[in-house]
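The structure is given below, and queries will be raised subsequently.
Just so it is clear, A, B, C, D and E label the chains in written order, and each chain counts residues from 1 on its own.
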Amino acid sequence: MTAGAAVVSAVLTVTRRNPVQSVLFLILNFFCLALLYLTLHAEFLAIIQILVYAGAIMVLFLFVIMLLNLGDDASLRERSGPSRIVGIALALIVLVQLGLLLSRGNLPPGNQLPEGFGTAEKFGGSLFREYLLPFEMTSILLLAALVGVMILAKKKTD
Amino acid sequence: MNEQAKAVLSLYPALILIFPLLGFLLNGLAGKKIASEKISGIIGSGVIGISFLLSAFILSELLARPPEERSFTVTLFNWIAAGGLSVDAAYHIDQLSVLMMLIVTGVGFLIHVYSIGYMRGDPAFWRFFSYLNLFIFMMLNLVMADNFLLMFLGWEWVGLCSYLLIGFWHARKFDTGGYAPGAATTSDAAKKAFVVNRIGDAGFLIAMFMIFAATGTLNFETLFTQAPARFALNEPLIVGITLLLFLGATGKSAQIPLYIWLPDAMAGPTPVSALIHAATMVTAGVYMVARCSVLFVLAPATMETVAIVGIATAFFAATMGLVQTDIKKILAYSTISQLGYMFAGLGVGAFTAGLFHVTTHAFFKALLFLGAGAVIHALHDEQDVTKMGGLKKFMPGTYRTQFIAALAIAGVPPLSGFFSKDEILWKAFSGGSAVIWVVGWLTAGLTAFYMFRMMTLVFEGEPRFAHDRHPHEAPATMLVPLVILAFLSVAGGFLGIPQALGGGNILELWLEPVFERSLGILGSATHGSLSTEYLLMALSVAVGLAGIFLARTLYLSRRELVERMAGRFAATHGLLFHKYYVDETFDAVIVNPLKAGSRGLLWKGIDARIIDGAVNGCARLLNSLSTSARKAQTGNVSNYGLAVLIGISLLLGFIIARWNG
Amino acid sequence: MPIDYGVTIPLIYICSLGILVLIAEITFRNSEPVSYWASILGLAGIAVLMFPGFNPVMGWPAVTGLGGLFCVLFTAAAFLTVIFSRDYMRRNGSEHGEYYLMIIFSVAGMMLMALATDLIMLFLGLELMSICLYVLAGYLRKRLSGNEASLKYFLLGAFITGFILYGIALIYGSTGSLSIDRLVERMQTPGQPALFWTGVSLLLGGFAFKVGAFPFHMWIPDVYQGAPTPVTAFMATGAKTAAFSVLVMVFTRRAAADADLLRDVIAYLAAGSMVVGNILAITQENVKRMLAYSSIAHAGYMLVGIAAGSANGSDGVTFYLVSYLFMNIGALGIVSMLEEKEEQRLSYDDYAGLSGRNPVLASLMAIFLFSLAGLPPFGGFFGKYFVFVAAIETGLTWLAILGVLASLAGVYYYLRLVMVMFFQESERPATASVHALAVTALIAAALINLQLGVLPSSIISLIQNLR
Amino acid sequence: MTSGVPLEYYLALSAVMFVTGAAGVLLRRNAIVIFMSIELMLNSVNLSLVAFSGHLGDQAGQILVFFVMAVAAAEAAVGLAIVIALFRNKQTIQVNEMNIMKW
Amino acid sequence: MTVESLLILLIFLPLTGALAVMAIGRSSVRAIKGAGIAVSLAAFAVSLALASGFNPDLEGFQMVSRYPWVDTLSISFHVGIDGMSLLLILLTTFMTPIALLASWNSIEKRVKEYVVMMLLLEAGILGVFAALDLFLFYIFWEAMLIPMYFIIGIWGGSNRVYAAVKFFLYTMSGSLLMLVAIIWLGYQGPLQVGQGFTTDLVKLYGVGPLLPAHLQLWMFLAFTLSFAIKVPLFPFHTWLPDAHVEAPTSGSVMLAAVLLKMGTYGFLRFCIPLFPSATLACIPWLSALAVIGIVYGALVSMVQTDIKKLVAYSSVSHLGFVVLGIFAMTEESVQGGILQMVNHGLSTGALFLLVGMLYDRRHTREISEFGGIAKVMPVIAAFFMIISLSSIGLPGLNGFVGEFLILIGAYSSPHLSGWFAVVSSTGVILAAVYLLWMYQRVFFGENLNPKNSALKDLSPREAAVLVPVVLFIVWIGVFPGTFLKLSGRSTQDLVNTFRRTSSGMTTQAVTPPAQVISHAP
């Protein structure tokens, strides 16, 4: 059921003409994913998903859309005719290909989940031990993004 | 003869060669600085004179030896050696080469002396002499060579000298007679001579390849010794070789089909015509065939060809000579005709007779040319016989010498021409070729006719030249050689008075060892008796005299008859006058299509259109490919994303196709 | 997973430098000169400190492995870019310290890619680099072409990130590990599941995009053209090298040719890139765009070595990268020096008669172009030779033939520029802003190129020892 | 593997979402919507990763998802800044109108 | 100093000379020119020393130096010479100072770059002739294109850009495939005896003939295409007229005298010994192209209106002889081919010098603009005549010796029908036609054009350029032994080895090369 909702909301995200509606459907999609994370024993990620993704990032999107005042206006001509068909057809082809490959599966055997799998505690532990360097580099990444946004978006420089 | 004497003797050939070379270099490099005609002339003629004396000395040395020892070889250095081929710069002196050396240096010396007078005042006097010396040097190389390659060296260079000397006055206009009228200069004639010769030379060259491929040598002695064993009689290979050699000879000696250059070669200064285009160079072909007689007799088919081509040339050239008006051209056709005789002689196996005619012809034809030169000189470069006449009284010395020469060529006994020509005809007849005899006999009549037509038009009758011209007798430097040559024209015949007339035929005896081998192969099948020989002699004398008589009658007293005949037989006259339109045919069939084809088809067509078209077409193709492919780069991100997804899809498709786990 | 100091040291260097410049930016009012010199000196110092075999004192932590060499290359590219940038940015009225900061951070991302031991680091490095480059491409905010370039780059970059990530996910799912060593190990072992190969091919597609290989190349011309020229130089050298460093370290150690699923597909990518890049470059009139297309072709040549997948292939690509870095940054550096405000002076015609006015610059450009065209005795030739040797050794002769034929087209358009510079005259000559430091850098780049062409063995043995 | 739902199910869902996102990128012209489609793709991958992680009982997948989220945040910030910068100059964020550089 | 180092010195002398010239101030034009000539003369002196140290009786390469260069790919700086390369090296060092001196006045702009380019060109060419490693050879082969490109492009005529680009791309298109073949050979060849990649020529000599025939054929074709374009062999010749016509005099001289020889040299050095079976199979085809080239070049030459283009097309014809000689594969023909390379270098080089002199005076090369100028410039006319005669192949001058040996060898070759030589002989006739006809139209006849009435005759500098060439023309014509001797042994070995190796892959043939390999390292 959650999955169905996820798919529908995903499709609607890309098909809605109004960007604001798209954002809202995307947020819905993210909520569905968070639910799925929970079923997959990823509690911490589920929380992050809602807080950071659906909360912070999507709000940012919404904010920018509002800021630029991008309505469902007439200038927003969507592509028509053949190129749309080509795009959809290609997407379907890729889907079929992926399906073919995934179904040939031979997935590795599943393992028993360790104790406390997916909790914030376990998660944090390995993050700060085994993945310390990536974590630190993420901070650099965010710093770079910060500076970058400043460069690009500050009003006046000269 | 002791060793020391032999060693000294072996120096002579080198000396004989070096002197003309020296003269060439002195005059050629320093002539302009010397700036004295006298010194240039003395150097030029002197070196040839020395060579003549040295040649005479060799002759005397050889005479002192028994006949079978009358040859020796001098090797100077190894010229070309590569792989199996080794060619020396070596000179072979034997009876034949000594004969030719004497003719070349002797007649050459006289013509050099003559030229001092003839070329007086020419701004390039020194250059003229250097060319002449170079010619002699190379001609000596030709006749003294002991192998084909060295002979070919001389062969080519004499052609070059001929080229340089024909075009000596390269800025002068020259009427080639119908062909490129008015536009041609002497240099056109020079080029034509060289190129036509080259066609023959290519034959010579290919013959050498065949000889080398077959026998691995180009040395005369080695080859001639091997040849009878190596080649079967009339084997295609030997026929091919000899035919190609003969092709070379037709080029150099102006035989059908390559004779066309010689009449034009008359554009050169007259001493050049005398020396190169009458006395020496043009006989190189005869010499070569004689030298290679062993090969030729192994190919009777070729011999027959030589004889037929020779006699045909003799006849047709004589017919063309009938109507020419240019004094030098008359002589030129006469030369071609006489050369034809020589080849006819060679062709029937009368090698000695051929060479005998070479010798006598050298004397009287040189004399004729030099005399013509004196006339032209006297009339300030007038060459048209119809604008001459009555010169007998202005230039008596010249006239007398010319008369002797004309008689000699007309075959009036006991002048030299009679003996040599008659020997050829007799040998032809006795060898079983009656047709050749008949044609030769007719030609003899024609010869006598056109010679005396010329004599009459030039010297007899009323003067027809412009009144501002004051003919005068030639200066001593010119006249003395004329006299000497006249003497030789008379006396030359005594070298070869046939046994039938009680002569010893000195020349035949002298040359016997040279042709021993070939005559051995040929065998001697002589038909006809002594009485036949006398009869034939009488017939040829008669036809000669008839020709003389007819010419004198027609051109002295019955001029109107000539005009009428020319009118009546206009077509024939035109045909003869235009030399059977051979030049025009050559131009139309070979030269012009070749030029047009090279320009239109090869250059503009294949080169520019096809090859370069393909090359540039590739470039253009890439360019248009690029121009159209660029359009895919629309600038639209969606399309770029599409491309990315296509790529991904292709990758996945590839994995689907290849994976088989 | 213990922390590997060999991996962290370059990152510590570069991040320290970044923080230093950031502090300078915050501290000083007129911070640009400080940042500039700090960047230059810092980058130069880091390049020296990291250089393989550099050991000033006992126990100095040395950088090991091929990744170390790549780090030196990124730093060198950044160093040269910074040198060319200042004047360019000044001319375009936008010299700021943040610019250098972005370059330094992107170098950090590249290093992370090259040094990555697992796919997480790889992914993070890729993103760090890319995000900085998105910003740099649009650095001249007022320039519309820059905006467009930046957005195109960003959208397509993010798009391909999705595929890369998907590939990583599938690899993870089929191997149960994110370790690169495990990945390589699996690739060498026949009999992997389809899932694995799907992941690998998506990863390959992603990096093919990053290096600008056909058919993932379409962003290259627009982005390279629209970005500020020094940034273009940096993208074409540093970023490309970074992407190739991953290809070299992940994709050249595959199974033997017969069991190798990827050889042919990489060969097709290479072939397509060589052909398309070269053919499309022929008719370009904008020099910068021409160099962009040519960089597609060069990606193709390097992919030849990847396709070979042998030791020689890996070494060949690495060598090619070294020489490509110096020749391309040299060429684009000169382009940046000649470019005037408002993207003027970028067409072929603007280079007419350069050899008369500025023979040094023209000669240097000629050297870079000859090297790019792959003519001996320059580095570009040897790089090509090396990868073609590798290709032929592994049975990809057809690819080598195609490669040389395509490079013939390359010769044409590079030579066309030489021709314009040397054989033509111009009525309105362009004036280059020539600075001593920049020219020195160019001369150094040219000399390195010559050295790579004439005496390549030192760098080759270095590469071999590091592999 | 504790969940009753098989792994394939998650993977299929993820694939469908992924392709939907990709289709969105191709079909839409509004830069922000395209970007949202890309976010959709990233999230679908995250789902796969989490599913694999749970299937394998290995935490690394979840860790990666965490980093992906961080990266997505950074990307979103930068991407939107780019969009704003472009909008300031061009007054549009329609990608089909961005073609001053082509061919 | 050892003899071996002489060869290395020779290669690097022009290179360092070029660097030295770069250091001279731009304005001191005379010093630049002087330095250029001095360097090239020094190189000539070194090459003479090289020749004096060369022993023509020894088998194989001499003055060999071998330094490891790029170990990974088994590349070494391996140089050495045998008879044929020595001759071509001598030709190169001889013609370079002449070309430089010839352009003393005619090059006015960018003199420094010009001299540098000429010296670089010389270094490149010398390297080509000395290289014994295919990689090294290729480096020089390609590198020398760059200076030539500039020489044509900067100092050339009005259509120079097209010509320069055409020259470059044409040549390059051939050589790139050769590069692939080199690598392929370097890999496949040693594989035959279980060894690793190498481009060392001496080693490859041992293994190349062991390759299966179809592989040989492909590699042979790739090499041949490259060389055929360089020669140029019909139908790959169309770059030549353009390049020659547009190049400055010195460029044409170097192009004709030396550059074209690199192609024919390549046949001898690489194609034949490396791929004997393929060679054997291709002999009739290549010889046919050569013969077509001989006749075709001559015919097209005949109808040219531009003297320089005429000479250019004549090169096609002459080089056709060389190729015919090479592929006839008899000792005589190969010797002739090698000598003819030198001959063509001298005579055609000199013809270009002379055309340049005419151009300097009249600024046109149209034949119709001239006529009768032998009157005003008799000395030039004389030189022109001698050199034309050499080109025509008059016995006693150099051209004849080469052509004769080629043709006689080709005729008696076991690989060719006699018709090849027979048809080629028409080239001898046509040579006389086109050169003499041109000569006649330029020098003979009436001097009608007033512009031609006050032309200066040969200057001392020009004499200094021409006299040495003419001396060699006569020397080779009269005493060709001096030069034939140098290449005799090399030719003999080449032909004998070819006979042995081309006749199929016998087991007998396998053993000796294995020995060669064991010796080589």
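In the analysis below, a contact is a pair of C-beta atoms (placed from the backbone, for glycine too) under 8 Å apart; a residue touches a chain by one contact, two chains touch by 3 or more.
If you're wondering where the values come from, they're calculated on a predicted model, not measured in any experiment.
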item: Joint neighbours of chain B and chain A, given as chain labels; value: C, D
item: Contact-graph distance - origin chain B, target chain D; value: 1
item: Pair exhibiting more inter-chain C-beta contacts, A-C or C-D; value: C-D
item: Centroid-based (C-alpha) most distant chain relative to chain A; value: B
item: Innermost chain, taking as reference the mean of every protein Cα atom displayed; value: E
item: Chain centre separation (chain A, chain D; CA means) in Å; value: 5
item: Length of the line joining the C-alpha centres of chain D and chain E, rounded to whole Å; value: 64
item: Separation of chain B from chain E, taking each centre as the mean of its C-alpha atoms, in whole Å; value: 37
item: Centroid distance [mean C-alpha coordinates] between chain C and chain B, Å; value: 77
item: Contacts with 2+ other chains: residues of chain D; value: 11, 18, 21-22, 25-27, 29, 34-35, 44, 51, 53, 55-56, 58, 63, 67, 71, 74-75, 78, 81-83, 85, 93, 95-96, 98, 100-102
item: Shared-contact residues (touching 2 or more other chains) in chain C; value: 120, 124, 127, 131, 134-135, 138, 141, 150-152, 155, 159, 173, 176, 193-194, 197-198, 221-222, 412
item: Where chain A touches two or more other chains at once, by residue number; value: 79, 87, 90-91, 94, 98, 101-102, 104-108, 131, 134, 138, 141, 144-145, 148, 152
item: Interchain pairs in contact, sorted by label; value: A-B, A-C, A-D, B-C, B-D, B-E, C-D, C-E
item: Chain B partner contacts - residues on chain D that touch it in the complex; value: 22, 25-27, 29, 34, 95-96, 98-103
item: List of chain E residues in touch with chain B within their complex; value: 166, 169-170, 235, 237-239, 296, 299-300, 302-304, 330-332, 335-336, 372, 374-375, 389, 394-396, 400-401, 404-405, 407-409, 411-412, 418, 421-422, 425-426, 428-429, 432-433, 436-437, 440, 443-447, 478-481, 484, 488, 491-492, 495
item: Contacting residues of chain C [partner chain B, same complex]; value: 151-152, 155-156, 159-160, 163, 191-194, 197-198, 201-202, 204-205, 208-209, 214-216, 218-219, 221-222, 261, 264-265, 276, 279-283, 409, 412
item: Chain C to chain E touching residues, read off their complex; value: 312, 315, 359, 370, 375-377, 381, 385-386, 388-389, 392-393, 397, 400-401, 404-405, 407-408, 411-412, 415-416, 418-419, 422-424, 455-457, 460-461, 464
item: Of chain A, residues touching chain D in the complex; value: 3, 6-7, 10-11, 13-14, 19, 22-23, 26, 29-30, 33, 36-37, 39-42, 44-45, 48-49, 52-53, 56-57, 60-61, 64-65, 67-68, 70, 75-79, 84, 87-88, 90-92, 94-95, 98-99, 102-103, 105, 107-108, 110-114, 117-118, 122-123, 126-127, 131, 134, 138, 141-142, 144-146, 148-149, 152-153
